[in-house]
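By letter and in written order, the chains are A, B, C and D; residue numbering begins at 1 in each of them.
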């Protein structure tokens, strides 16, 4: 008995190697931070090294799908499956890139002495995200969510003496606290209804006995609040513009990719595992008809993208504009979920890869420009095309990709979303989404207009770009253009990573 | 001379002027004397024409020579099979006679212009333009199909445009050119529609094929009514080109061009092209179409004649008389006097060209003075011009021993016969009336110009007889205005070869029941088809021949008396001053003003059509800019208004939120922004609120 | 003498939840707002315990409650630190006045 | 037939040129310009090669075997899944009688536009890089036979156009540029939607006999390839083909531009630099009509049959409306812009006739409008370079000052109003003959003939206002054409005259294809009605 439990503990530990590696990295960072009090230049590299190990471990176990920490036969707290692993990989890579950001960023350099906590917190955050991506138990969901939130609250306000940062962190913490609180309340109700916190168990319980409608709906909607907050879906998005504008650019980028990815992983998993009844040969899900998730998500996604796009028309601050655009993109991503089919999930995964790359790229350029100009106001970008041609052109590429014009990766992402919609015969939704795309062109192109078409008001000194950042940009541009023309690997990846544990 | 040789000759006549045009145009700047090349070319062409005329009429009198090539191959068209569009030339008596006239007058005008246009800045280009005109006119004459007809029709329009507006610095000149082209286009629209009808029905442009298919009982849209319509539509082209009522307004203005040009294009040849067109399509004209044509012809004969009575510009008078004479021809065709109409076309070409060249020589002498009230007494100064001008005037007034008498009397006779057969006497009546008016205004012109005392002594002093190169053409044309070339008997043209053997009325192909009774032929249709193809002599019916015979003497006497009367009045008014003209004019002021102001056609058209179109276009442009664009564009005014209540809006709008949803989407954006107050508690409220809403939706 | 049953607990917890929201929305002082959040968390806790007790669901409920308490503490710590920082920069903790970031 | 992949060559050569240019330092303006000239020159030569090896007897349209210079290989191939079929996209180029004239046109017009771009001095490098990118986009649209590829090229040329107008344009360039961009994007998203719809409605059979969804246009044209329940499949009783057709048509119509979607055109033209106006009018507008001919007609033949009257109606409106608007313009360039609205109306009218004369007239008109309008814009450019104004009222009597130039102007103007002997006449009369031959739209045709009258009206009026009359004092300094301008005008004039005298040169290129298209459309009527049966 004892041995058995020991073995299975060991087995479980085998399965969560990446997380373990992360934890070790976290500890390492703290230690290194303590040991060398003066020069902490290669703290980030320690972190990167740790992440690389994690990535290796992830790839190694990519296609395995199993439960860890099983409470009952094949009912576990942690699920290891390609779907989760994909998101973990995405998050890991995003983290690596964001670390590079931080190295280049002036804002972070300011608090040089506090780099230790910066990276420590970041690694805590990524650990939380990993758990989010693979948790099948309400308790674990809540805990990991909190872990992510708590670290991001601090990171958002990393530069204590910046007014914007501290305000951002305050809003974030209050807003986040409440949404997680509401979510927790929902969880408690769900627990009360089903008597279990394990999603699979809950699912089987629902299938067995029809649970009471209204309270159940209340519970699930309340739970959705927490996730909606993470993926900044309307109407739970209000924190996004303020926090994005307020926090340091690397963190903004991180929030807009990594925590969104984790949020989506969690959401998809939650919806599918909890409410699935069966999956038909064409890959369409048949959910238990306790709540009409399809309509729910259609409303949410249309609201989100419309709101994001239209509000973005007005922005004059680049970060804020990207914040709204990322809200809009959350809307597009949710479209993939509205289809409620594997194809939709595949579309989401493809879109996420693309979105990650291009959004990171956009933020990187914005940061580099901010380093030079010391401003994120679009009006100050006038005539940048002649001052910093390389930066401008790369920003142009990223923005075009965000708009979703061929031959960039952004187009492929959108294409698959729309294909999923059309295949599900949701034409009306597709039309609305497409019109949204047209609207989105306004504000993206407006930035380009300022950069290329307007003549500089102030003096024009040519801005130099460091080799590191150039290399770095090229690394990000290449896939954007490449996947636009040849996207087979992308789709193959997506296909291999849509399989969720149990289905 | 074999048929292929004749074809080649015809082709040579056709393309030589084009060559002349190109060479003269391209080298005009460098080589000053290049115009001589053009003249040489035209002389060559004329010689060729003479040869052609001679051969055709003496050896191939009754055979038409056709040669065609496929211009465009449409491949294997579904439902039609292999389809080609052919172009080709047809040499028959009509065309050779016409080509002779064209080249002759063209040559004479070339020669006349050598001196007349001397010292002009664009001397060579002038000759180049003459060249392209001759080319296109020749094309019209030789064509054996409707498409080519249309092509050269347009080209003639172009050259006319270029030549009228030759002195383009003068606004009036360029205006006139533009007017001529556009008014012609109006007619061409009709012609084009007619061609469309023909092609869609018969899938060919060639006359002979179309005729034979009609004869075989195959009509446009399978109804004889549409056959009539087709005829009328095609005739619209003639209305434009031959300046028939109601499209006659461009011809008087066209007098802005150099006078020799007026002689060549706007008197002798181009304007006759309309008549030529009707001659070509004559077989397919139903009684309805013919009636329409006759009416148009009658009006065009009458109205301008009345106008010509009071004009003071020498060229204007001639212009209106031209319209009137063309009206005669058209009316003649309308009433079925086919031969006489075409005959009149030839004779008129000569004496009208003569009149214009004469006036040209006068104008030249008077240093570009065109107002006859400022002339007078010139006959002493320029005897040759006077003599020739007199002959021409007699001819046009239809005085015996002139060519004009023969042809014009023929038309009158024809209309007389028509009246007697169908009871429509109006044509005959108007015909005779116009004959009198013609005589009157021609002699008014003659007297005011050459007789009496000079009114402008200064100009009179400098006046002088024109040099040989200008006098010679006058002489030639004057000689050609004598009866002897056309018939031995000055009182009966029928005895001359030209009417008895050369010009032959073609057999109609229209169905029997859509003809005038007298045109019904006793021949069965298939034979008819045969005869169409070889253009053999056809007289409509016995009744018609008798009617014509019967009409001969009365019409002759009537026309003579009326013409004489007209001349008499003219003399009594202007020579012997028996009557005070001005008082007379006052006594019939309204009529006088009407005539003097050309029946206000220009004013009316200017107001209604030109003004209307411009107004419409302005309106539409406004519509386009503010409404159509506005709808799509978010009307500018609205955006302005909004921009006040939100400072950024204008900025954003200018920045390019230009699409139709600009205003709306901007507004939506505004609404969304209102939520983003920056106060965290507001957010919370909103979240809770929307949560409740969601729950209500899904409960 | 009434037997205290599940419903009573639920009523209490729901009341707490409502009060928490109310507090968050109405109070101007950031600290008060944070207390509102604590209320919400605790209302959830009560649910967990109550369900676990009356539904005989085993220990998951209690375990959850413990987690929540711990996390609430952590959150409170961080939040207070942030509020302190806010006070340093804005020299006020009135959430209404902290609105420089907005459209 | 050569094995050399000439279509890829002609399409991607400009991209290569662009990359080369990116490596040339900014300062070397002349090198950049001449490089572009060379590239476009090679393109023209390549186009002539295509012309030379083109087999006139092959039809194309819906028959893959009779397309020429085909290049087809697997581009994207993703293994199938239980729930999503195999995804396969071909790189599929090929031309038939409909595309050949346009390929030729693109090559020529681009070459001429390059010469005209010689005067560009503002950031030359960027200009020519974008210019070449645009070139690839245009060429690609005309040679692509795979819908996906077609769409990529279609979108590819939006962005360069935006910048070319927006950076090198006139005073209100930003407005014009964004307007162009938004309009066209608005149109193309609908095209995208229909494309996806078609993808899920039509299958293609692989070598191993498996049926998979396809983007292959030619497969979409064969009604037997439709799936049972695809939303755009005629087999599906409640399909959305009609709506899809309208979406698609609007998408293309915006490019034509068709009333009431035309308002971007005047602005874009007025603001764009001369060379870009030339490209815009010469090639871009044709993409709309080409798209309709290549996509709308053969893939939705039965819907086309239904809506043909409306197409003709809009054609008529374009003709009349454009002409009337042109008449009211004060700005020379705007006038030409509206005139091309009018001329594109002829193309639509011709297409609507669905018979050989009409369709070949339409295609021929595309080509002629390309050359003639290009020349007209160059003419405006010449005068604008010298006088720095385009106000028609400001001029007068230029004929005295610039005789040679005026000579070319007269030629171009008369070509535009369809004077016989010049190319415009043949195409316009073909359009009329064809359209009149189709009883349904006969009346519309007759009304449309008014267009040639109005055309003569505004063209001659312009001619008079600008070139005739007495010369104004301030223009006595204007100089006549330079060598460079001769190099632009002479080739175009020669083409215009040559095709006017010997139209077969162009018509025989397209005859076979046009005939087979007409046949296809006629047969389709029967075929589709039978399909609806089961």
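We adopt the following convention: a contact is a pair of C-beta atoms (placed from the backbone, for glycine too) under 8 Å apart; a residue touches a chain by one contact, two chains touch by 3 or more.
These numbers come from a predicted model, not from an experiment.
Taking every chain's C-alpha mean, which one sits closest to the mean of all protein C-alpha atoms?
Per-chain C-alpha centroids compared to the overall one single out D.
With chain centres defined as mean CA positions, report which chain is farthest from subunit A.
Using the mean of the C-alpha atoms as each chain's centre, the farthest one from subunit A is B.
Out of A-D and A-C, which chain pair has the most contact pairs?
Pair with more contacting C-beta pairs, A-D versus A-C: A-C.
Please report how many Å separate the Cα centroid of subunit A from that of subunit D, as a whole number.
Whole-Å distance between the two chain centres: 43.
Indicate the whole-number Å distance between the mean C-alpha point of subunit A and the mean C-alpha point of subunit C.
27
Please work out the Cα centroid separation of subunit C and subunit D, and write it as a whole number of Å.
Taking the mean C-alpha position of each chain, the two centres sit 66 Å apart.
Whole-Å distance, subunit B centre to subunit C centre, using C-alpha means?
98
At least two other chains touched by the same residue of subunit C: list those residues.
21, 24, 33, 95, 98, 100-103
Can you pull out the residues of subunit A that are in contact with at least two other chains?
Residues 170-171, 174, 178, 182, 241-242, 311, 314, 438, 442, 445, 449.
Could you list the positions in subunit D whose residues touch two or more of the other chains?
174, 177-178, 182, 186
Pull out all the chain pairs that touch, please.
A-B, A-C, A-D, B-C, B-D
Show which residues of subunit D lie in contact with subunit A when the two form their complex.
75-79, 81-84, 87, 123, 151-152, 155-156, 158-159, 162-163, 166-167, 173-174, 177-178, 181-182, 185-186, 189-190, 192-193, 196-197, 199-200, 231, 240
Give every residue of subunit C touching subunit B within the complex, in rising order.
Counting only subunit C, the residues touching subunit B are 21, 24-25, 33, 95-96, 98-103.
Once bound in the complex, which stretches of subunit A touch subunit D?
The contact residues of subunit A facing subunit D are 279-284, 341-343, 346, 386, 400, 405-407, 411, 415, 418-419, 422-423, 425, 427, 430-431, 434-435, 437-438, 441-442, 445, 449, 452-453, 486-488, 491-492, 495.
For subunit A, which residues are in contact with subunit B within the complex?
Touching subunit B from subunit A are residues 170-171, 174-175, 178-179, 182, 213-214, 217-218, 221-222, 225, 235-236, 238-239, 241-242, 291-292, 295-296, 299, 306-307, 310-314, 316, 438-439, 442, 445-446, 449.
For subunit A, which residues are in contact with subunit C within the complex?
Residues in contact with subunit C: 138-139, 142-143, 146, 150, 153-154, 157, 160-164, 166-171, 173-174, 177-178, 181-182, 184-185, 187-189, 191-192, 195-197, 241-242, 245-246, 311, 314-315, 320.
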